[in-house]
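Shared chain: subunit A. Partners: subunit B in the first complex, subunit C in the second.
Up next is the complex of A and B:
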């Protein structure tokens, strides 16, 4: 039982960390909530479905196409929505919410209302400690760890990464030091879209494809950002594990229907008691 | 308060026009208007918190849901008469408004929007799990007592509700209280610095908003006769409420009414041409374009057009009136 929770929790948390990190990135650099973030996941999932299941291309091609399209979607969203409304974060939030609903109805238009089962990216099941673990989820977790480590190194070590951190701390200061916040913001939106689409492929293969699949991951991302606090990849990772393990424990010990209740409770509790999050910077 | 005779003339004309409407339009149109009326009530309620004070709520169905569920459970499961259950539902919603107020005392902006989204999601999951024998669980409830029969009566009820609530809120927002709320959205610290108690102001605003949401939700469920958690605590429902208020014109009373009618009729008039899922795609697209074009909504567009017209008239008749 304990081992089972440990394995399931680790795998699920890895996936959640991957989902949340793109959302965190936009929130800490651009200071806006991209409520259409869930739409990247949906886009990624459906693109993968189209390329590798309907056209029959190899899975790697599907993931790559999803990533490229997600990145393009992020860039477009920045140019067409976030930048024109730049000085008004609330307007960006509302228009991204509208956009998410538009994307959802676009998906319904193409693929219909019913949900689709995505074949596992990597087939096969392994039995560990009396619980069956799909290779698919193992691969998803490993990939998300690899992506997170790469992202961490990118943000910490490279010039662009440092510029991103600078913009997230002080936009004006960064501009004075010769960093163009506009370019950095655009890069961030692109990366966020890419991460979202890739996360969407794994998330869709973990659950299933449906036009309303964007709400769940959005709520998880929101939870991770709020509880973790802005501007912290490590915080994202830790909180994704708190949320993931909490869900697995609730499912195993209390009742599967209550899995979301504790996540919501955590968001509300942390926001009221410690509004800047558990690992965030001193600001709000 | 800056009230002028023409304010009342416009309201009176609008209300009279609407009351005469059942004589001229078909029942189908009336049913569409009924939904527009309820949507307008919800949008006005949202606007009192979010349009005025700038505390954008993404979880307004949380409040509407409390009102709807309270009266539905009381009448259906406990046989409480409607005359008693609706006031109780409104009181319960106002208590819910105080719950939403708690985070608003500490956090602002995006964080507040997120916590309200969490409230809605929490409510959605809880009503399905806790006492499904009362709430009807995932399937919701049906066979709830309805107050009216037929399109005409439903129309009169829903419009009377809208008229009373909108005129009431409009008068309230023209007092100093309304001005102070608008000031909070501009700079809350300055309002506090001017010696006003922002906690009290926000409490009052949330109570007013919850009152309107509770009345709207309770009457809505007694009009429909059924309720389903997935339709109620749905992000698409949030979207419709927010967009109605915004593309009509936030922090006005007329704006949410215009927006609600526009959205409802847009969706309805698209039906003959686009029967399928395309409808929602176009509908969302129109909303997005309108919002990007003028975030202040139709109200601002109309007002700008009106003042341009007046300027042109004044130029044509020199010396008539400046």
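Up next is the complex of A and C:
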């Protein structure tokens, strides 16, 4: 059983890290809870379904199309919602939540409200220590590590990445230093949308595609960001593993229907004991 | 002036008489208008209404259909019923509601006493209400076999096939955390397993929003059971597809509501083969008599959106609505509920295939005892729990989806058109 927990926990955590990292970016740089973040996952999943499953295009094309659309959605959201309401974070959060519901309704109009199962991006399964492991999830985990490492290097070593860190620390100071916060925010929202859409493809191919699929990943993302802390990609990775392993352990040892309860308990505990999160910077 | 007034009065009187003569009988549909379940009932009812109207209507009146969407939510279901009763003032209600929603509006039915036919809900507790208070429940009929009857016949499948054919001695139950899941779990642990001689090793309950079943399937395997009994009515295609994708090395059977419709294969992305499930009749993969086939042909010619093939409740709505109108003809309308109810309980539609009884749309009456269970099922559709099923169709059949997408009936033998097989990855 221990080996099963290790394998399943690692795989699930990789997926959660991929889901949460885009949300972390927006929260860290823009200081906004983008409650429509889950809609990126939904859009990504449905675009992949349309391109690769309905039109029959290769999976890579489907993922690329989903990424492009996710990026475009992020940019549009920034220009039409986040930027005009920039001085009022609460208004942004409420507006993004409403937007998620609207997108969900649009999906229902086109595809109905029944769930669909995506074909795996990489079909096949292997058995490791008595545990069935799909190649799809292995690829998702590897992809999440690759994306997270690439993102970390991007933020640490590129000019734009450093500008993003500057804006996340001090928007006014960054502006004085010649960084245009508006451009940086736009880039951040675009990257966040792209990451969310790609995460949505993997999430949907592992679980299911449905108009309400944005809610679960949003909760995971909020949990990871709150517990991990603002501005920490490493924190996102670590906390995603904590949450993923906790869920697998709860299912295996306690009861499957309680899988989400301990995650909620972790959020509350961290908020009370360490409000900046386990790896975050001090709040200003 | 006097002449104008007289002319106006005469015209008004004529208009009133004409209006009264062409007043419609209004049927209310209550159910989800966006789910396969609800749409099956709605469309079955609509086709029946069109045929009735083409034949002259009921009591000289045309039949019209009004819809009330429950969104598969009990609270919305109550509002929907109140709309049909108070605003639309319908004469008859046909329901494609799921169990929880029907239980929500049932008190309103008792209050308004509108003749009602439930085509999908199968909760035995409602039939118990008919037993306990026949007067209050006079308007209510259910033309799908109650869940207790479904489970009772499934015991034979457990004994004959799971134990007898495959030699399975133990089971792990994988049940969703709903009232439906709890009820069927009870039937399995208290009736199916003991009677069939199968040990229940573990009961694993999961949240209906579960997306990742890998750890749950691992837990099921770790129980050491021979097979999995699945109880899933919400998002059942998720657990089914992950069972296939993960190639869980255990047979999985039970109750999978998603597998009861032809859309199951597409919804699972082709990853739904290998599972078997009980199903009310007529199921997918069920051989049809000529009249039912004609209904399906009409349905498919008319509707080009999902569900592309009516679920069993679509057939129930089609035949049930015709029976309800026939009962109204005999009772002089729907206003006298007792008279209508008495006429409805005597409706008996026998459909033959190859010269023998294949389906029987009739109803159990008060005091009519079913010989196997020894209890009564008043206002529930007739069913037979003993081979060779001479009196009525079996309460359920077991269907199996094959790995190539084919589906057929595997039990009971009298209705089977396919052999039950293990998935290719199960030894």
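We take it that the second predicted complex is superposed on the first by the 283 of 284 C-alpha atoms of A that agree within 3 Å, B and C clash if a C-alpha of one lies under 4 Å from a C-alpha of the other, contacts with A are read in each partner's own complex, and residues count from 1 in each chain.
The criterion applied here is as follows: a contact is a pair of C-beta atoms (placed from the backbone, for glycine too) under 8 Å apart; a residue touches a chain by one contact, two chains touch by 3 or more.
No experiment lies behind these values; they were computed from the predicted model shown.
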Contacts of A:226 with subunit B and subunit C, given as first, second, both or neither: first
Subunit B versus subunit C as contact partner of A:183, first or second or both or neither: neither
First, second, both or neither for A:149, with subunit B first and subunit C second: neither
First, second, both or neither for A:128, with subunit B first and subunit C second: neither
Touching partner for A:119 - first (subunit B), second (subunit C), both, neither: second
First (subunit B), second (subunit C), both or neither touched by A:60: neither
Touched partner set for A:108, first subunit B, second subunit C, both or neither: both
Partner chain in contact with A:260 - subunit B first, subunit C second, else both or neither: both
Partner chain(s) touched by A:4 [first = subunit B, second = subunit C, both, neither]: second
Doubly contacted residues of subunit A, that is, touched by subunit B and again by subunit C: 108, 112-113, 255, 257, 260
Complex contact set, residues of subunit A against subunit B: 27, 32-33, 35, 81, 84-85, 88-91, 93-95, 97-102, 105-106, 108-109, 112-113, 215, 219, 222-223, 225-226, 255, 257-258, 260-261, 264-265, 267-268, 271-272, 275, 284
Contact set on subunit A toward subunit C in their complex: 1, 4-5, 8, 11-12, 53, 108, 112-120, 125, 130-134, 136-137, 203, 206-208, 210, 216, 247-248, 251-252, 255-257, 259-260
Parts of subunit B lying in touch with subunit A, wherever the complex brings them together: 54, 56, 58, 102-103, 106-111, 113-115, 117-119, 121-122, 125-126, 128-129, 235-236, 238-239, 242-243, 246, 276-278, 280-281, 283-285, 287-288, 291-292, 295
Residue ranges of subunit C in contact with subunit A within the complex: 34-36, 177, 204-207, 209-212, 214-219, 221-222, 235, 237-238, 241, 245-248, 263, 266-272, 306
